[in-house]
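You will see chain A twice below: alongside chain B first, and alongside chain C after that.
For the complex of A and B:
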């Protein structure tokens, strides 16, 4: 039995702290045993020679190594300066209460460990244990921020702070998908996901260190060009025009997708990634809203057509900027409410977390698309034929809907109405497992991070999906309903990586597509299994 | 008198620490929402599966339903029986429950001892029915608390020493805390067994505490070694627990009610909105370039206009 790595070892000089060996990951069932010895592709040593890569087998940020001793010392100073700011109300009123409570009251009982899918699936690699990074931060705070902390460090848990430890801690904050399953089982209420979030924030807001997919190509691009996909308003309109034509082929009649309609009841904001990767999702909303006779509009203002808010995962300032932009667009359009499309983190960012950022006329009512969709399906205004969805369906619960917002039943009531072969995953609802793409993982692909995600953080979800369909005949197509863009991205990658379309006939998509697929009067199905239409 | 002064001093530290911790939480700025479902003050139907008011169409137009009863029904077994630990970590619960039960019953016994002393001072007959009930409760709480606490703290210490996952994260302070508590319970148990089973000396000591030693002139505290150690260690624990992570015994209120279950929506014109407006006037000093903070601009200034990078 190998000795467990201790939090203090994060500052040790030599080598990588963790390497996953072949066969160490949690085993997969047939026909996926050939992946049981697979480990993430080794990092290209030439490519990373000037990069801090001493944590594990992958890189999420890729922090450049300091060129001089002076630079290294300056980085340590800035880290400590940022650490102090986490405890100042001027700088961190946003999460000060949550942080202090979680740092001060952990009993280190390890109840959280078994709840963490990354820790479990990695073969219980110590650095992925939920309290490992929390305990590092806790000890650093006690030693370096508390008066007399250096004298009492041997008593409260010693740790040395050097640049290696800091760089490792930055990377380590991106090995937790912030699913907060650990927090939900903690008997005391300590939130290790929140601590990971605060570490990310320190690095971003004080040191300018964050994965480029979240910052430069994420929030910065979103605010500058209009979308983190890089689409400007013209490109977005072009995409939607194309989607409109596609949808007309499905409905056999004109489909209108309104832009910038002042005074509409609803401003619908999609994750713009849908327009590029899953256009049928955007189209299905249009078909359904039109059929239900809703008064609605899209916005072509910069950022108004992209609901994402990556700031939620790493930077409160960027979170605030994006949320205020969304709210201001709705205010100027004079809509009655914003409906957020099928995107979990956009839900949490705009409806829940930013609730205490929006004041006065910016405090526009905000609603989940799942609730709007449920109202349409259950209103009786439209007619559905559930037999068109006569294939096995399971539901993935995005963490942000269920555990973070308590939106659990609307999607289920819809599925029970329109998908006769719907079955739950185990566990589900507020006890769900993350898709493995949470907190930005789904869009982070630098170095070999995609490999790590598919093999480690998404592994539990893959097992759950396989289990949900285990008694189905091999040739039956199976539909994973994932009503969230990032979750869909992660599930798409799982299916591709493990060749699960070929081996298990796994397909995936959103919720609104299933609704439109069962809607009476459609000329063609909106859901296809490869080249095969889901109904004739 | 030295014992009394020591206990008074420890009580003062305890109260000051509790007040400091609670006051700090009460005066912190309103934070961004970060709740976790199930939120137990939702009506029972929703709380059962973890649903929220955000499942309702146009929820902001509806009257919010909250169920304090449901919250109490959840919290009572959580506090008294440690239901969460039972569900998620049963092997630890076997030690943790008696450990906490012992720690709960000690203040309960103290309150009963104080009640008994007050009854005596008020002139209630010592052989009256009220006094008799209190006496029996003191014996029950004292004995069961000490037995449970001794067994639980020993079990917790052994578990922390033998479980490699817990050991890897344990600090010297963790072992010290458990040893201190174990020693207290062992001393209290020895005192009960060897010298004071009813426990008359404990009643006299608490009476002395209430009257600064004047009401029981014939009694000198700490006449037996276990009794003296029980007074010293018990007083120390009273001061020490609130200073450590073990303050979760009462700070759990904030972890649950102010964070995990804080789902209060920000309604226009509400006190919450005023608090948010106040927060937006804070002047951050974060140094990363994209933040564009200088200690003069407010959060509102920084968040509202286009940031420097996109100008």
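For the complex of A and C:
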């Protein structure tokens, strides 16, 4: 048995703190045994010469090594001053109580460990244990922020604070997908996911350290160009025009996708990734809204056509900037409500978290697309032929819907109505597992992070999907319904990485596509399994 | 091994406290301090620490509703919601907190995954829940039973509880069920920390110490009850003396009783500064005690610093003449 790594080693151990050996990851069932010995591609040593890469086999941020001793000391100083700010109500009022409590009253029963998919699937690597990073932060706070902490450290858990520990802690905060599954099993309500989030925040707001996919190419690009995909308003309009033509082939009649219609009832904001990667999702919304006779519009203003808000994952300031932009666009369009498309974190960010920011005229009602869709499907206004969805379907629950907002039933009611071969995963609903792409993982692809995600953080979801379909005949196409762009991205990558389309005939897509696929009066199916249409 | 050091250190600390207590039994002055001054000192430390921690927690802002939602939230009228696992109102919230505190609902959620023949199997893992619940409830019952030393006449509820607790009527004096379940819980919790390498590697001195301290209190108590009886009347006189702020001089020092007392004092004084404060923290935990009405109710943020607003209208009122003179357009004439 390997000796178990202790939190204090984060500042001591030389080299990489954790290496996953071949065969250590949780085994996969046939026909995927050939992946059992696979580990993430080794990092390119030339590329990481000047990068802090001492945590594990991958890199999420890639922090440059400080050039001089002075620079290093300055970074340590800024970390400590940021850490102090984290506990001051003037500087961090957002989650202060939860953070303080989580650090102070954890009874260390370790229930959370069994709830964490990353920890479990990694072959129980100690550094991925939910409390590992919390314990590091807890000890640093106790020792360096409390009076007399240095004297009691021997008893309450010792740790040395140096640059290595700080750099490792920064990387480590990006090995948790903030799914909050651990928080829901904690007997006293400690939230380790929140602790990881606060660590990310400290690094971003106080030290300028964040993965470039979230910051420079994320929120910054989003606010400047209009979308974190880099698509400007013209490009967005272009791609929607193309989607419109595609959809008309499916319906056999004109499809209208309205832009900037002032006074419409609904402003629909998609995750702009849909326009590029899953155009049929955007199209299906248009078909369904048109069929249901809703008054709605898209916005072509900068950021008005991209619902994402990466700030939710790492930076309160960026979160606020994006949320204010969204609400202001809706205010100027004079819509009655904003409907957030199939995007989990955008739901949480715009509907719930930014509620405290949007006052006065900016407080425009915001609704989940799942609820809008449920309303359309169950209203009886439209007729559906569930037999068109005559293929096995399972539902992936995005964590933000179920564990952070409590939207559990609408999506299921829809599926029970239109997908006769719907089956649940085990476990599902509020006990679901993360797709492995949560909190930005799905869009982070620097170095070999995609490998790590597919092999470690998405592994649990892959197992769950395979198990949901295990009694189906081999040639049947299977549909994983994931009503969230981020989750779809992660599931697309799982299917590609493990060659699951060839081996298990796994396909994936959103919820609205399934609805339109069963809608009466369509000329062609919107869902295709490769080249094969889902109905004739 | 560092971990074994932690266990050893905890034992040594317990022994040291025991030695101090035993020494106090030998000395008249120390005995007087222990029974006359220490109780009030300990109580003062406990109360001030407890209040300090609670106030600090209660004062930190909770602007966001961040409960973990463990069921369907309140939504459209025809969608069945789960009022307890995802409370939409105060009643549901009280239900949720009650289930959490009285029954350890969340701990009951704990599951364990195993891979059996290459297949992931989800099993239940309820042992920690069971023994945790036993331990905590026993502790509460024992605490209540001790009220018989502090009230005169003894509250009927306490008498009833003691009678119920000892209804098996094994031995004289009757064996209390709660004592046995407390010991069972302690043994489980301690062994779990020591035997499971994954739990032991991260356990600290304070984790073992808390368990051992309670075990020491329980065992000295049991020894006094069943093997080396103490003069209960003297104990009652002493306890009543504390309550009425007139502690009598100890009649006859009993080493076992002093041990028991010393351990209790250490526990009570240390509690507010330790992880044992989860007994109060759970009530304040925002992932549990918040109603999930993010979308049905408006929550304004009371923690923002007041912003002095100078609106354009006010600005124009103030400078209208000057603006006109400079030829700037104004909204109101």
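Heads up, the rule we're going with is that the second predicted complex is superposed on the first by the 535 of 536 C-alpha atoms of A that agree within 3 Å, B and C clash if a C-alpha of one lies under 4 Å from a C-alpha of the other, contacts with A are read in each partner's own complex, and residues count from 1 in each chain.
Note that in this section contacts are C-beta pairs under 8 Å (C-beta built on N, C-alpha and C of every residue); 3 or more make two chains touch, one makes a residue touch a chain.
Note that the structure is a prediction, hence the values are computed from the model and not measured.
Student: Which partner chains sit in contact with A:30 here, chain B, chain C, both or neither? Use first/second/both/neither.
Tutor: second
Student: Using the superposition on chain A described above, determine whether A:317 touches chain B (first), chain C (second), both, or neither.
Tutor: Once the two structures are laid over each other on A, A:317 reaches chain B alone.
Student: Who does A:191 touch here: chain B (first), chain C (second), both, or neither?
Tutor: both
Student: So, A:473: does it touch chain B (first), chain C (second), both, or neither?
Tutor: After superposition on chain A, A:473 lies in contact with neither partner.
Student: Scan A:426 for contacts with chain B and chain C and give back first, second, both or neither.
Tutor: Second partner only.
Student: After the superposition on A, what does A:204 contact: first (chain B), second (chain C), both or neither?
Tutor: In the superposition, A:204 touches chain B alone.
Student: Once the complexes are superposed, what residues of chain A are shared between the chain B interface and the chain C interface?
Tutor: 1, 4-7, 89-90, 93-98, 100-101, 104-111, 113-115, 126, 131, 135, 155-157, 180, 183-191, 194, 351-353, 355-356, 359, 363, 371, 374-375, 402-410, 430
Student: Across the complex, what residues on chain A touch chain C?
Tutor: Within the complex, chain A contacts chain C at residues 1, 4-7, 26-27, 29-30, 89-90, 93-98, 100-101, 104-111, 113-115, 120, 124, 126, 131, 135, 155-157, 180, 183-191, 194, 351-353, 355-356, 359, 363, 366, 371, 374-375, 378, 402-410, 413, 426-427, 430-431, 463-464, 467.
Student: Touching chain B in the complex: which residues of chain A?
Tutor: On the chain A side, the touching residues are 1, 4-7, 78, 81-82, 85, 89-91, 93-98, 100-102, 104-111, 113-115, 126, 131, 135, 154-157, 180, 183-191, 194, 204-208, 215, 220, 223-224, 316-318, 320-321, 324, 337, 351-360, 363, 365, 367-368, 371-372, 374-375, 402-410, 429-430.
Student: Show which residues of chain B lie in contact with chain A when the two form their complex.
Tutor: Residues in contact with chain A: 24-25, 28-39, 42, 46, 49-60, 78, 82, 84-85, 88-89, 92, 96, 163-166, 168-174, 176, 245-248, 251-252, 254-256, 258-260, 263, 265-266, 268, 272-273, 276-277, 279-280, 282-291, 293, 299, 302-304, 306-307, 309-310.
Student: Quick check on the complex: what are the chain C residues that touch chain A?
Tutor: Those residues of chain C that touch chain A are 2, 53, 56-57, 59-66, 68-73, 75-76, 78-81, 85-86, 100, 104, 106-107, 109-113, 115, 118-120, 122, 125, 128, 132, 197-199, 201-207, 275-278, 280-282, 284-289, 292, 294-295, 298-301, 303, 305.
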